[in-house]
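Chain naming follows the written order as A, B, C and D, and within any one chain the residues start at number 1.
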C-alpha cells in the first residue's frame, strides 16, 4: 500500500485516514456510484422535470428514498450511543403513517394530522424510554416488544386496511413533503438533512452529546458525576420515536397511503446497519451523526444499485449482505493495519537477529 | 369470546351452535382484510361460532400450530386459508382421524397422503392463474403490435406470485417484451421507488406497460409514472380490484384492474353448512371474478354495492 | 545468587501507542527464587512491560527469552502455558461468576461427566485458604465482596497454575497491613520453592522488605538494574523521579491541628445517618477547613459511610444538615449541587469514563450540575483544564488523550481535578492515594492540606493509617460497619492508638 | 482480622444474589404453569394430552433454536441468522431429496451448511471485529438470499424418502379413541430433548461453557485470565448455526415440505424465548433450561389469544403486551428479592 513507503508523519496522516470509518464509507459510496454508472451510463444524468418542478434522475430518486433512512438512523445513533438499541422504529413509522392517512381520510386538517402523527411517535418513544430507564428493562427486548405491538397498533388504527389518502383533497402539504422539491432538490431530503444538522448541533454545542456518550460508556460512573442516566435514556428513546414518526410520514406521504404490513418493515435493521457503517459501536459510547447520515445514504444507494443492476429479486438479500460485509471488512482495523503490522513483524525479526548475534 | 369451544367436550356445544376454526393469514390490508372480514361476517350470519386464528408474517408454522389446536379442540369444521400450498399432510391426517371436515379457501393445498386427502371437503376461491392470464391478454389487446414493459412481483417465493406469474406466461403474446421483473414486496411505496428506478434505467427502451401483481404495487407504480410525466403513456395492469384501484382506473392512473374476488364468505359458509347437514358440497367451488376497465370500474363504484 | 541463569530475559523491549512511546528499549531479567521489583513513577511503563511479557501487547522491537529459548507470546494463553502466572493491576475477574469459579476458571477439575463441581470448589477453597481467605464461600458471587477482597481472590487464582514466574502488579495497593503480611508470607514460600516473582508496588517499605533485585524505569526508559540491599532509599527515589530525593516535598511532619472554635458551626452534620446492611446509624460533623480521617479495616464500612454522605446510596435512616439547615441528599446530583463531592475508591468502575478524553472527564461533573443545555464556555473550560493539568501535573500533559490510556496514578489525578472543578465545600476522598507513586502521593497529600487551609472540609478515607494520622484533624474509627470512636488527633495520637482502639472495641463487645 | 468483617457479608451475599439469578427462570416455570391452568379453566382444552403433545411436537424446532440462541446471548452477543439458516438448509435438503440423494447424506450436508454459516459469522466477528449483531445480520441476509436464489418453489419431499420419519407423527404413547386425548411424541421432540441436555452439559460441565459465561461477564477479563476466548467464540457461532440446521431438519421432516420463506422472524421468537427464560440479553447470566421454558411460554401465547377471541388487528399487540408483562414481572420479582 501507499502508506508503507511514506515517511512517518505522513504515514500517520494516511494511517489516520485509513483508520477512519468515514473514509471507507465514502469510498464505498463512490464505488457503488461508479458501478451503477458503468452499467447504466445515464446514471449520473440529471434532467429538469417540469411536472414535478425539480431535478430528475437516478441520484435524485436515491436521495428521495434516503430521507427516511436519515431520520431513523439519526435517532438510532443516539440510542445506540447509550449502549441501547431501538428495534421499534420500523413499526413506529407504520403507526405514524397510519395515523396521518387515517386522519386525512376522516377529513382532519393536514397539519393537525401531521402533528398528531408526530405526537404518537413521541408517545411510543417515551413508552420505550420509561420502560428502559425507569423500569430498567433491557432495550433489546423492550423495543422488540414495541416492534410487535406497533404493527398491531397500526392495524388497529386503520382497522386492518391499507388506508389510501391519495384522492383526499387538502393533503398537498404532506404530499409535497415527500415528493416536492426545494430549489430542485427533493424536499424530504432537504428536510431530513436540516433535522440531522439540528440534532447534531444540539448534541455537540450543548453537553447532551457528551452526556449521552458518558452514559453509554459507564452508567455508574456517570451517575457518580451527577448525570441522571434515566433522563438521558428517556430522552434518546423519545427522540428516536419522533424521528421515526417523521420517517413514517415520508414513507407514506410519498404515495399518500399506508401499508400496515410493509410500511417501515425491516427498516430498523437498515437503520442499525447505517449507524454501524457510520462508525458508531453497538457497544455504546462515541457516536458520529455524520457517519450515520453517510451510512443512511449508502443504504439507499445499495438499494438503488440493486435496481440499476437489475439484480434478480430473489438474489437481492444476498447482494445486500455481500455489500455490507465488504464495507464492514474494509473498516476492520486488521485490514488497514496490515501494512503497519507487516512492518512491525519485519522490525521484530531484525532486532531478534541482532540479539542472536 | 368463543363459548363454543369452552365446554370441555369441544365444539358441538349444548347450545347446538357449531364451532368452526378459521386458520387465517391475518389482516394485511387490501384483498386479505376484505376476504377475512367477509368470511367472518358470513359465518356469523349463518349462525356459526367462528374461532379466528391469524398467523404472523405469513409464517406457515403458526398456521400449522393453530390447525392442530383446532383439531384438539374438536371443532366441527376447519377453514384453512393457507400461506403455503404444501406441508399440510400430517395436520390433515390428524383432522381426518378426528373426522373434522376441512375447507380450503383462497389458496388450494396439494396433498400427497391419501388419508390426508380425505379430510379436505372442498376448495373455495378464485384462481390466481386466471387473473394472470387476464393481465397478459389485456396487454396483448392494448398493444397488438408489441411493447416493452416491466412486471412488479410480490415477495419471491409466495405461491400467489408464482401462480399469477404462470398465468401471465401462459397467455403472454410473443411480441410483448418484459424488460425486467422486480419484486416490490406487495408494497406501494417500494413499487414507486422500484418503478422510478426502472423508468430511469430503461428510458431508452421506451417502456409502455407495467404488470403489477397486486393493486398496492400498481398504485405505487402509477405515481412513479406520473412523476416521470409519462401518465397515460405507460399502461398499468393490476390484480385484486380493491376500491382504491378502481378509483385509480377511473382517474386514468391505472389502465385495467383484474378482480381477485375476496367476497366468498357466503359460499364458504354454505358449503360448511351442507357438509355438517350431511350433504356433500362440490369439491371445487370456483369464485368467478370480474375485470374492470375505466367504464366498468365507474359503474361498479357508482352502483355502490362493492364491499371493499 | 547472580551465578544462576535468569529464567526470563527481556531485551530492548519497545512498545509504541498512538502518541506515546510507552517503552523504549527496556531490559528485564527475572531469576528463579528471587523477588524482583519493577520500580517507577506512575506512567513509567511498569504495567506495559508486564503486559509485554504476558503477550497482551505486541512488542514493536526487542526480544523475550523464557528458559533460554526465544519466545513469541501471542496472548495470555501462551504466557500461561509458558508457566507465567499474572495478577494485573486492575482486578480482572468476572463479577457474574462465583468466587470459586473465578479462582478455577480454565482449570476446573474434571470428572467422568465433565467438570466436577464438588472437587472444583474444594480445590478453590484450598487456594483461597492459602491466601487466608478461608472465610469466603467459593459459591458466593464475586460481586458481593470488596475490590480489596477481589484482589486477594485474583492472587489466589494466580496460584492455581504452579508457575515458574509469578507477576504481581501492585497487589498491595488496596490491602491493609495484615493482608500485606499474609501476602508476603506466601510470596516468600513461593519464592523459596524456586519461582521467580515480579512485584510492583509504590510502597518503599514493602519493596525493601520483600524484594531482592530492582529494575528502575523512568517514563519508558530503562534506567538501571540493582540489588535491593545495595541501594539506599534516596538513591532509588532519585533514579525513579530523576531528581534528588531532597527535592521531593515529603511532608513528614504531622499536620498542625485546626482548632475548632467554641460555637463554630460545622459545614456538614449527619445525625444517625445509616443504611441497613451497609452502615449503622452514625453521627458525624465536618467543619470548614477540617480534615476528618476515616480509619478501619477492610470492610469496616468506610466506603459505605462516604457513599452515604454523598448520596450515592440512599440512606434509610437519619438526617443530613448543611450549614445548619436540613437537606435531603438522596443522589450524587443533589450532593454535588450542594457542594459535596466524593472521589471513589473504585476508579475503573465508578470513576473514569474510559472512552472520554481527560478534558471531558475533568469537566463532566461541573457540566452535570450546570445542566445539560448550559454548556461551559470554552474559555472557562480551557482555564479550568490548564489549571488542574498543571496543579496536579497530570502526565502526559495532553488533555485530549483518552483517560483510559493514562496510567493508574494519572487517572486518579484527573478524577481529583474533576471534583475540585466544582469547588466543593466538602470533599470526600476514598483511598485517593491508592496505587499512586511516592511523588504523586506527596503532591496529593499536599493538595489535601492546601484545600483544608483554603477552608474546604475534607473526609480522608485510607487504608494507610500512616497518612490518616498525619493528615487528619479528627479520626473517625469504624469497625464492622459501625462507628466505634472519634479521636481528636493531637500529638498523643499515633497509628498504635488507632490499632488499639479497633482491637479493644472487639473485647468490650 | 478482616475475616470478622467479611463473613457476614459473604454469607448474606450467598443468600441474596445467587437465587436472584435464578428467579427469572423460576418465574418462567410458575407463569407457564399458571397459563396452562388458566387455559384449562377457561377453555378446558389445555390439559388434553393432544394439546400437550402438539405443543411439543410443533415446537421442537423452537426449543432447539432457543438453546442455540442461548449460547451467543450468554456472551452478550446474538445470532440473528438462525431463521435464515433454517430456510437455506431446508431448501437445499429438499432439493437434494428430490434429486434422489440418500437421506443420511442429505442430513449431513444440511448440518454442514449450517456450520459453514456459523464459521463465516465467527470469522467476521473474530477476525474483522464486526459486532455479532451485524455479522449475523449479514449472514442472515446472505443465507436467506442464497436460499431464494436456489429455489423459490415450495418443495415437497418425495414419497418414502427415509427422512420424514424424523418428524413423522411418531409414536402414540397413549392412544385414546379421541385423537385429542392421544399422547404422542416423535423423534423431533426427542432430538430437542437431547439438544437441551447437550446445551446444559456444554454450559455447566465443560470449560468451554464456563468460558462462555466468563466472556459474558467481561471479555477483557476473560482474555487476561488466559481463557481461549477466540476459540470459544468460534465454537459458539458454529454451534448455534449448526443447531439451527438441526432445527430445520426437525421442522421440514415434520411438515414434509420447505420453502425459501420459511423461518422468517424465528430468530426473534428465539430471542424472546431466551429472554422470557430469564437470560440477560447483555450476557453473563442465564440458563438453557430457562430458554426451553421460554420457548414453551412463547408457544402458548397464540393459542391463548385465539381462545380469548382477540380481534385480528390486536393479536400482535396482545402478544407483545403479554411478553412485556412477563418481563416486567420477572424484573419486579428480581428487584424485590434483591431487597
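By definition in this document, a residue touches a chain if its C-beta (ideal position, glycine included) is under 8 Å from a C-beta of that chain, and two chains touch if they have at least 3 such contacts.
For clarity, every value in this text was computed on a predicted model and none was experimentally measured.
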If a chain touches chain B and chain D alike, it appears here: A
Farthest chain (mean CA position) relative to chain B: C
Where chain B and chain C are represented by their mean Cα positions, the distance between them in whole Å: 71
Rounded Å distance, chain A centre to chain B centre (Cα mean): 35
Distance between the centres, which are taken as Cα means, of chain D and chain A, whole angstrom: 30
Inter-chain centre distance, chain C versus chain D - centres from mean C-alpha coordinates, in Å: 44
Numbers and ranges of chain D residues touching at least 2 other chains: 148, 152, 260, 312-313, 315-316
Touching two or more other chains - residue numbers and ranges from chain A: 155, 159-160, 314, 316
Chain B: positions in contact with at least two other chains: 27, 57, 156-157
Contact pairs between chains, per stated definition: A-B, A-C, A-D, B-D, C-D
Complex interface listing, chain D residues touching chain A: 124, 127-131, 133-135, 137-142, 144-146, 148-149, 152, 260, 268, 271-272, 275, 280-282, 312-321, 323-324, 327-328, 331
Chain C - residues contacting chain D, complex: 56, 75-77, 79-80, 86, 88, 92-98, 101, 105-106, 108, 110, 113-115, 132, 134-137, 139-141, 143-145, 149, 157, 176, 178-179, 277, 297-300, 479-481, 506
Of all residues in chain D, those that touch chain C in their complex: 1-7, 9-14, 16-18, 201, 204-207, 210-211, 213-214, 216-218, 220-228, 284-285
Complex interface listing, chain B residues touching chain A: 27-30, 33, 37, 57, 153, 156-157, 180-183, 185-190, 192-194, 196-198, 200-201, 203-204, 216, 219-220, 223, 226-229, 244, 247, 251
Chain B-touching residues of chain A, taken from the complex the two chains share: 40, 42, 49-52, 56-58, 61, 65, 155, 158-162, 164, 166-167, 179, 251-252, 254-255, 257, 259-263, 265, 303-304, 307-308, 310, 313-314, 316
